[in-house]
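The same chain A turns up in both complexes below, where it pairs with chain B and then with chain C.
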Partner chain A sequence: MSTQAPAPPSPAPGGPAPAGDVPLFYRRGFRRLLQQGLYVAATALLFWYIYDALNLREFGFGFLNDPAAFKVANQWLIDVDGVTSSRIEMYLVGVWASLRVVFVAILLSTVVGIVVGVSRLSSNWLVARMAMLYVEVFRNTPLLVQVVLVYAIFLVGAPIIQEVLNIGDFAFLSNRGLAIPWPVPDAGWWGAPDWFVGVWVALLIAIGAVAMTVRRQRQVRERETGQPHYANRWAFGIFAVGALVTFIVLGLPVSIDRPYVEGTRYLEGMVIRPEFAALTIGLTLYTGAFNAEIVRGSIQALPRGQTEAANAVGLSAYQRMTLVILPQALRQMIPSITNQYLNVNKNSSLAYAVLYDDLFRVAGIIQNKAGHALEMFFVIIVTYMLISLVISALMNFINARVTRVGV
Partner chain B sequence: MRLPSLQGRRLVSALLFAGAALVAGAVIGACTSDEDQQQAQAVEQQTQQDQDQPAAQVSGEPRGNTIQLIQDRGTLLCGVKQTQPLFGNRDEDGNVTGFDIEFCKAIAAAVLKDANAVEYVDASDASTRFELLADGQIDILIRTTTITSSRDMELDVDFAQTTFYTGQGFAVRKDSGIDSTSDMANASICVQTGTTTEQNVADHFTDIGLDYEPTGGLSQDVAAAFFEGRCDVLTADASDLASRIVVRDNADDYKILPQIISKEPLAPGVRDYDSDWKDVVNWVVHGLIRAEEIGLTQANVAAMASNPPNTEVARLLGVPFEGGSVSTLGFEVVDAQFIQRAIAAVGNYGEIYDREIGDAIPRDCTLNALARPLPSEAVDCGPGEGGIMYALPYR
Partner chain C sequence: MPDELSAADIIAESAGPKAVAETDRAPSEEPEQFSPRLANARDMIITEHVDKWFGDFQALDDVSLRIKEEEIVVILGPSGSGKSTYIRCLNRLEEHDAGRIVIDDIELNEDVRALQAIRSEVGMVFQQFNLFPHLSVLSNITLGPQKVRHMPKLEAEALAMQLLERVGIPEQADKFPAQLSGGQQQRVAIARALAMQPKIMLFDEPTSALDPEMIKEVLDVMQELAESGMTMIVVTHEMGFAREVADRLVFFDEGALVEQGTPEHFFTNPREERTKLFLSQIL
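Then we have the complex of A and B:
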């Protein structure tokens, strides 16, 4: 375009008749130049404004290397001591906390969405109405309200730690969280000798290859004979059994760590904190309602003939849904579901309301102490964008795979 | 020195523009790179020129006469908290009451001769309180605000005499068996978000070599979580803790540990560069403290004014002593009896404390006690204890 810009009077290639007596303002070339000029000027003004704003303050990210000097609980697989670690490390702890919530909420909301979405179309009056009630309640109330409500229910509803609910000496529930047994490595990574991991991973790859081969063979035979050969089930079974057997054969070097309560603290085991639970459940219920509508819409968008054809060849209701309807509906729903996943990422910032230390709250603590609001918000925005872009990329990959087959 | 409001607006606009510019820049960048570069150079030159000029016009300039403004308006716009019992709280009937409110009344009585000529502006939101002041939406900020060097230097606020000394403390259930932070190994601690709250706890626990499990958030949220038993310990300003506990039905189940791990002097804030206004606020606070030091009360101030026992009382109350002339004390901007009216309106410092806070936060031997109590009211304090409320001399 820039090559066209300096030649205002000449009409654009393929344009209409020569200018002649057309007034300057109505000439296409002049119009284009004017539009581009305004655009450039506006952009330059914006850049100048930002530049000016940044110049008024000390802009830089050096403060992120300073000691954090605060602590964050709810760390999983990591143990960053906030006192000696830097601010950026603590921020990454917050990012990791956000990622865990987003991942779990996306998984659960998908399950909820499919179950409720299919239920809404059930011929069972009660099931369909219950599903509708769920969707209407959770779709039409603010997420903030739901998250705070779930947290309040947890705090008020669950017993206090002094009256902890002992579930068969196996798990414990109080408003300090749910403590469950958890596998713990005895020594080293997963408690194994160093070579264990390598051997096991190599074996897993081998078993995986075997499983995929079996799957392909059974798929081919199914196509040839017309008889069901359950290729996926076979492949998954082979892999699961193989992984478990090799794991046991190699010595099962992981012990199960059972929680117990001492005084007012949970010791050992894995504690699912109420803050994490509230945020994840809130996000799941809210997003699940939207996902359910997407699932329902995608199913209803299929031509009625698909259902009739499935009935005609004598498939059961379950087979009709899993073999005919859902595989086709899935392709349609992926773009809309992607939007919901991105919303989960963004909405996870409501962690603020339930005392969960996600990336936004940790950034807030840093900002409270260090100032540098502009830089901090820049970092926050870039982080959320990166997470969103990764989710988009993964979903686009899946979308490309499922639509490649063609209907 | 810049207006925070200006910074705030710049920040928001800059972020909005940054987003728009990213998109615009990506589109434009491809087709009009030449023009863009020229523009960028022009921008650079322009900014260079800007930098040569003084960055902020505010610095050093008088900021208008707040006292004149208040007297012309006839009401004092007092920015107060409306969500914290004891200090600044709105009750069911819509009345705003509390320790900070009494100082609004005292200042209104001093400047406007009417303790009720106050409009209480809601400054509950901590993040915008200084902007309310800088933008002129309030004349004075009396809202449990800590004096810190960075606020004084960076924001458009000047702090007057401290009205309440507090610090970060810890609240626990009485039956928890916790008597000091050394009993808090691996305790679950609800930490109120603040400018330094998180750091104070982290620093303290590093010093005493213990670990803890924090749950952090806004004041009312963490307090609610604590009272439901989510945490063993709640930490915030001791005055904040007291105000959260005192309104509960089971207030007796909780206690605030005597241990204090930070300095939080709470003071009224006024705009920078308005010395007359700050002076008046300062001397009203000192006057109320002085009144307590010499036994002037709401009840006896009228009698004292008509028959002052000594020259100092006469000066303080702005009345002639044994037929002499009235000393203005140099306060040309308000009349000589401004402290007399303040005392008549709300009583002396001790009376305000007893009425608004009372036993919720015991006063004896804390920093808020008088440094020089009347001999009849002196209390034996332990080593290292004792008040620092000390009025500067009126003469």
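Then we have the complex of A and C:
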């Protein structure tokens, strides 16, 4: 290279050399253009190679509309027969199954995280040590092992269906799952049609809105007058009375369906299957351990002076926690907790290990039957990304709310 | 670790009260010298034979001190001498291990009601300000009155503005602590403590974390407060403040109260060698 390009002229003592004197190859603008040009060319080459090698001329999603011809378990609230249903419908059943696990595991792992995290800071020796033991066990072992272990415990430890454990004729436990009572539409007093349930739910939402408005007003008044206005009690009371009155007026449109065992099957009620339970419990325990560390770390990261100042002002322990410590700790907590929630979403694909028909497993079945692996993986990746982005968006919304200042 | 600590605690607890019982000495070897203006004032703070241990380190060693209503006491001493620990025991940020502490006729003991009562009578200003960073200046001040005293919001805000006027920064009410200078933050902290309408104010090295040019604005506020008749205990190294404002100076060393007296006594004719050495080093 040095033989081709002449040596750059040494800069004039008074300032940079005029542009005309610098050979093209050494000019900064030319270098930038050259680098970007090479990058564009390499990228184009890569994509052309992929297109050519994978024969993407046949890339398309038409196969998803064909009949599925397979069945999945755990199709709660969605009714597909697996014969005439299309593959995309079956896939959506899988997505719905994943969402259920993710939602429940996120909720439970948050509760576990807060309880265990605060317990680790307890001055009670036993409580603190138990919390530490829990965190160290579940943080330092693979999630896959935990999920499979819970599943194995369920299958081996729970009785077989012939010897089902009858919990007061109310719930039944066997290695086919836990059957519990569940609300279903009911004719009630004067033969209410099924859609009365919808009416009741709509009314409940309206009553909830009223209760929240009253709560808000009473909070404002409490702040303005300094006198206690029991906002939460009022809101709860309004909702409870409203729910009861509308329930009676609509003629009891909902009844509780109690499960029973017939032969080797559960009938009616709601069955929490071992696969769902194992995956949810595994995710909860594992993520709960990480959440606990985040909660503990965020509280410990606050300067001691904050606690002392709150004490010196005369706040009670509860006021200190809710008005001074948590508002500041939550700011630190939420970004890390969000990461854990995204991990719950991604780790839910371990459903594969316990044969729970989540989106990844259903997608695998579709791909087995129809081929189109590339398209299927494209769909899977986009689905997980969408769920993650929704979780992130919700958490950003919550973050903006909890960090908003107001006394 | 906890085992070692608890062993030391046991020794401390068994040694502490016994030592007091055996010696049974007077509150101070030297008679307390009250300023003539306080001749008829009642006792606001009584501490008798107070001991405090951190593990096997004795932070306070048989400290006895009476402080009158409206008295201004400045506590001097080298770092680690127990002067901060002493005032932190007065509103129970630290728990004393032996001896008696009585604040405004309320004994500081296991009774949580006594603790609540004392905390709302004693205001405290910290070296590091310790303002609540997530609250505005105004909310920092109104938090205590609203939540502890159940004062209506408007009334609390009026009080807060009045106090901000008093410390000279009403225009900063809607800012956040991080937007203020150190001196301004410390003045907000003073206003926050005053908002609880305390009978006693404790100052724990209030100017030690400040840039030199901001020290005066805080000391001016403290001087005005002293002149208004507040009972004040101030831990500080500001000798000018001690000389001009204090009724009495108290010198701590190695956890013990070594010497006390009027500013005149201290700056002209200190009795103890340790006091002389300390004063020669900082004057």
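Here is the rule we use: the second predicted complex is superposed on the first by the 324 of 407 C-alpha atoms of A that agree within 3 Å, B and C clash if a C-alpha of one lies under 4 Å from a C-alpha of the other, contacts with A are read in each partner's own complex, and residues count from 1 in each chain.
Here is the rule we use: contacts are C-beta pairs under 8 Å (C-beta built on N, C-alpha and C of every residue); 3 or more make two chains touch, one makes a residue touch a chain.
Just so you know, these numbers come straight off a predicted model, no measurement behind them.
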Touched chain A residues, chain B compared with chain C: B
Between chain B and chain C, whom does A:40 touch in the aligned arrangement: first, second, both, or neither? first
Taking the superposition on A as described, I'd like to know which of chain B and chain C A:303 touches: first, second, both or neither. second
Quick check for you: in the superposed arrangement, does A:62 touch first (chain B), second (chain C), both or neither? neither
Contacts for A:365 in the overlay, against chain B (first) and chain C (second): which applies, first, second, both or neither? first
What is the contact status of A:70 with respect to chain B (first) and chain C (second): first, second, both, or neither? first
Please name which positions on chain B make contact with chain A in the complex. 2, 7, 10-11, 13-15, 17-18, 20-21, 24-25, 28, 31-36, 39-40, 42-44, 46-47, 50-51, 55, 176, 186-188, 190, 193-196, 198-199, 201-203, 205-206, 212-217, 221-222, 224-225, 228-230, 232
Would you pull the chain A residues touching chain C in the complex into a rising list? 125, 223-228, 303, 305-306, 308-316, 319, 323-324, 327-328, 331, 403, 405-407
Footprint of chain A on chain C - complex, ascending: 2, 91-93, 116, 119-120, 122-124, 126, 128-136, 139, 142-144, 146-156, 176, 192-193, 196
Could you list, by residue number, the parts of chain A that touch chain B in their complex? 1-2, 5, 36, 39-40, 42-44, 46-57, 69-73, 82-83, 155-156, 160-162, 174-176, 264-265, 274-275, 352-355, 357, 361, 364-365, 368-369, 373-374, 377-378, 381
